[in-house]
Amino acid sequence: MSDLAAQPLDGDPAARVLVAGANGFTGALAAKIVWDHPRLQLVAATSRSDAGKRLDALYPRYRVPIELTELDLDRLEGIDAAIVAYPHGAAAPTDAALRAAGVLVVDLSADFRLRDMDTYERWYGEHGAPELFGTGVYGLTEIYREELRGAELVATPGCYPTASVLGLAPLAEKGLLAEVSIAAMQGTSGYGRSSDDLVHFSAMTENAFPYKTEGHRHRPEIEQELAALGSPVPVTFVPHLLPLDQGELASCFATLSEPTSAAAVRALYGERYETEPFVHVLDGPPNLRALRDTNECHVYVTVAEHGKVMAFAAIDNIWKGASSQGIQNLNLMLGLDETLGLT
Amino acid sequence: MSDLAAQPLDGDPAARVLVAGANGFTGALAAKIVWDHPRLQLVAATSRSDAGKRLDALYPRYRVPIELTELDLDRLEGIDAAIVAYPHGAAAPTDAALRAAGVLVVDLSADFRLRDMDTYERWYGEHGAPELFGTGVYGLTEIYREELRGAELVATPGCYPTASVLGLAPLAEKGLLAEVSIAAMQGTSGYGRSSDDLVHFSAMTENAFPYKTEGHRHRPEIEQELAALGSPVPVTFVPHLLPLDQGELASCFATLSEPTSAAAVRALYGERYETEPFVHVLDGPPNLRALRDTNECHVYVTVAEHGKVMAFAAIDNIWKGASSQGIQNLNLMLGLDETLGLT
Amino acid sequence: MSDLAAQPLDGDPAARVLVAGANGFTGALAAKIVWDHPRLQLVAATSRSDAGKRLDALYPRYRVPIELTELDLDRLEGIDAAIVAYPHGAAAPTDAALRAAGVLVVDLSADFRLRDMDTYERWYGEHGAPELFGTGVYGLTEIYREELRGAELVATPGCYPTASVLGLAPLAEKGLLAEVSIAAMQGTSGYGRSSDDLVHFSAMTENAFPYKTEGHRHRPEIEQELAALGSPVPVTFVPHLLPLDQGELASCFATLSEPTSAAAVRALYGERYETEPFVHVLDGPPNLRALRDTNECHVYVTVAEHGKVMAFAAIDNIWKGASSQGIQNLNLMLGLDETLGLT
Amino acid sequence: MSDLAAQPLDGDPAARVLVAGANGFTGALAAKIVWDHPRLQLVAATSRSDAGKRLDALYPRYRVPIELTELDLDRLEGIDAAIVAYPHGAAAPTDAALRAAGVLVVDLSADFRLRDMDTYERWYGEHGAPELFGTGVYGLTEIYREELRGAELVATPGCYPTASVLGLAPLAEKGLLAEVSIAAMQGTSGYGRSSDDLVHFSAMTENAFPYKTEGHRHRPEIEQELAALGSPVPVTFVPHLLPLDQGELASCFATLSEPTSAAAVRALYGERYETEPFVHVLDGPPNLRALRDTNECHVYVTVAEHGKVMAFAAIDNIWKGASSQGIQNLNLMLGLDETLGLT
């Protein structure tokens, strides 16, 4: 390995971390957060297609002077934890190999988010490691914090479920939700690095549009989590692509099961998130610039003219919606303060 | 008047047109469309604050070489029609003076959109010409075409009502709507020319946010029109500002009063808009770039997993959402082909 | 051929036109301009990789309802003229085949722009039709108008040479230029449709940078044309990519061979371009929005503190910098008014 | 004073800092950097027009929970240093009052940048504190580091001079420069918070243009500093506004006084900046995204075809071009490590 292949050791790291798929948007960001983390050591950042390139050549602004290498699953000695930023399908077998070697795994893909195999297969196809299916902890930190402490395989939620569930959890937990429609929107980083006509600057500038109108795979994930919180309700969901890089908003229209005043709804949100380090309940609508490049979720809730609750939840889709939530969870898995490296 | 104060006469115009408030975004665009129109002659473009400036200095891309003058309501001879692009409140008395002089009026403001004075006063304050209240025709061309032929005072709909009502009309007309939630979004031209911190490029780039979450005055207008079509239903509505200039999308989640298949819903939309020159029913989601700088409305409708109808309607907010729809109506008022000057 | 493969005939066209490579940015725009042109009939739009797709599916805003087909050089009967929007190298042999069949050719590539084969080979490699090299007319309309009337093979200039040479021609023609440095900048449409990391919206938004700093192949083309005008001077040139779609600016710093007052320089520009339909000499700096989607070139010239001339020339890089200039020339080749279809 | 008026004390600050004019872009950023700085305590952030508002309401992303107050020059006890972010003209008298009270002053305005009063008056008008004129240290850290240690009044350079002088200093110091032309470009944050038509999102998106073409006041400042380095040469300079928020590029075309190879020029730059913590000499052209929100300057230099040197220097115009360079200098004034709070 070259001098560039691992972060110089500084003090006693809580874990030596591998990032697999570090050439994509979320993998590269995960590598950056690990690199800047006071207790994690980035020992390898891997990529098949970009092996040999430096990460700070691909993503200069992240300033991670490490060379991308190919992942060798036979040489995992000295690796305590891995963040796997692979496409769904490809992640599961890698996760399995990493777990077999005793490596803690934070999976950023969809492979372990769903808890029903039929649903998984409908939306994603055949699963790559069915023997592990159902064994991961769903990494929405604010909901599953206790299960995440000491977990060994964590499925980082999809970006839309992160915003949507955090935007609705205080209602769902009280069983107050009857049904919900969600207009979600995010920037082009959510589309991933793989370029095509759609995210060419010339196509996206001065443009915006709904997509996946016939069904987006994050909808069943949102329904799964609202049900787990106590509200097994129908969710209507449509995402939109916006002409910006990072940022995501879930604008939720919720019908409540019983009339509830705006004051009561706000009190509910205030209490629920009072002690959360990263979820801030605002007293006006959130905006995406305010939380870019952070692990925060900004929530605002109000009651509209005819009684529907409108809940707005904003995140940075590649931070709290992916990589930084992964590190928040890794902190818990390692017994560290969950905010470490994230503020 | 200087040589720059009126368009040179070319043939026999159907009407000599004044644009009042031609220094704002929608007034300037109206002046441009009149200028380019084969049967309209732009005889004056007025502005209090920018009088003396040339319109093609303020808006070079519109290429209208006319000098802005102050409106003189005592000298309206030779003017057949006026497009009034004033703020609500200020428009009504000007409209009254113009009508008193026999001038046909297309009002781009909100002053004659609502048909209930209490609702008007709740959202806009005191009305500036109560004697005329209720006498205007609502200028959503595709709905009120017959009333618009020969009308003398037309209230151009709000941009959000234009998109929302066109997106829902086929359902509303059949009485199929039970309730609807609308997440609408538009670019910064909808905010108007009056600059403030919010629309500074440095504030809007890489940003997006909901606004007017406690109530937007376009909601009662949408409810009024859906009711007029046969569906007096509750509307929950929230607008968002996007980092783009021109373009607007209404993403509507509608609960139907009876189960209806996607095929049936699509057939309904197809039939309803089959002969409309400017409303196009697409077979996939619309995007804003495709109709920028046009009078078109692109509609797509589908039925989501749990039965809600999702209807998407896109327009250019300052064209079909304001100025070009005003000219579409003026064409009808003058007995011209409604597409004249708009294709 | 399907009904979608050719434009319905309307009147007596001056030419039946084929656009080869109509799936790229400049080819698609050429097809749109031909489609909208009052005297040209678009009889085929071809593409190897996108054959079978509709052009209005790839570029909805151009509204050209034609199906892309594969080019068949053995079936050119009925085609009077072709616009060839191929990459350099690939264009020349196609041009040769088209010419052999008697088809007038407007080449948008670099294959016939340079007049020195060594220079061509240095910057572009082996030429694909050396027997035709030197036989094309350089299609900078404002300079070569007379040669273009009746020409049979026209090389449309590069976008940077178009702006740069128009910005400097009045000085070059008088032999006043001693040397020039050009900082040019353009939007991402200049990069072409072929997506890669560089033009991903997430990479370009909030970014800008110089590129090809070690040498850009448009520099020798600019030098060739300034020399042809009477000023064989050294040109230092560097392009920049900006976060916008269409638009190009050449900011030129010119040392004159003799002291010349600002007034004299301005008079020179005013006279030179007085009768040009598309080149406008402004009395202040140009901006890109003002001429987007037009064939115009906006020029401003001033003399800086220490005597250098600063000349600024702005165009839309895919209009005047490519496709619409191609049609301007085709008009001349066909004996039509050069502004036809372009205003 | 409310609880929000000063930063809680944490340890022993090196200085208690006031930011005057903290409601503007550069003042707000200065307040943020002071707030996050390990050895500075923000004791007041002042603003006349926004007094009473919270800074984190005006600039949520800076997360500075302090209330803006009005500056009271009679109550400066307990203040060790001030950053003055006032417009030129207004800054000087405030600086004088602060200095009279023994407060160290970092002025972000132009009031003490120039060393020749005639030049000052030509470009800025009457000076507000002529008795102090000439007593400030020019705060281009990499050039005046020794003078800045212990300085009491520091004039932070203009953003364009910062980039331009850092881009040319290695040549200027060796007396190698003969003349230079600079095409500079920056985002809309350089225009300041004061909104007008020009920086409305609707005006700037998809736009770019040169401005101040008849003379920009940063040109004499650049000439002053190049002369001070040993190269009293004529500078031709033109700035451009780009559709982005933060970021600035100076693209410099330099004629050398003697032929110098690219290798020699690069060696010169490499040596000159080898030990600089914030100036990085790249081996390819810089881009603005890579250094956004940092105090860095990225430089690339090459020699063009005909012998001119092309030097490119990129900075974040409100960081290194204003506020963070101010803190870099304040660190030196206080005897601290100059990188403190900036990495």
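The chains carry the letters A, B, C and D, assigned in the order they are written, with residues numbered from 1 in each.
What we mean here is this: a contact is a pair of C-beta atoms (placed from the backbone, for glycine too) under 8 Å apart; a residue touches a chain by one contact, two chains touch by 3 or more.
All values reported here derive from a predicted model rather than from experimental measurement.
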Chain at maximum distance from chain B, centres defined as averaged CA atoms: D
Chain A and chain C: spacing of chain centres that average the CA atoms, whole Å: 46
Gap in Å, rounded to a whole number, between the CA centres of chain B and chain A: 40
Centre-to-centre distance between chain D and chain A (centres being mean Cα positions), rounded to whole Å: 38
Residues of chain C touching at least two other chains: 187, 203, 205-206, 243-246, 287, 289, 292
Pairwise touch network: line, ring, star, complete, or other: complete
Chain B-touching residues of chain A, taken from the complex the two chains share: 179, 181, 183, 185, 187, 203, 205-211, 213-215, 219, 234-238, 240, 242-247, 249, 251, 253, 284-289, 292, 300, 302, 304-306, 308, 310, 312, 314
Footprint of chain D on chain A - complex, ascending: 60-61, 205-206, 287, 289-292
Residue ranges of chain C touching chain A (in the complex, touch as defined): 25, 58, 187-189, 191, 193, 195-197, 199-206, 243-246
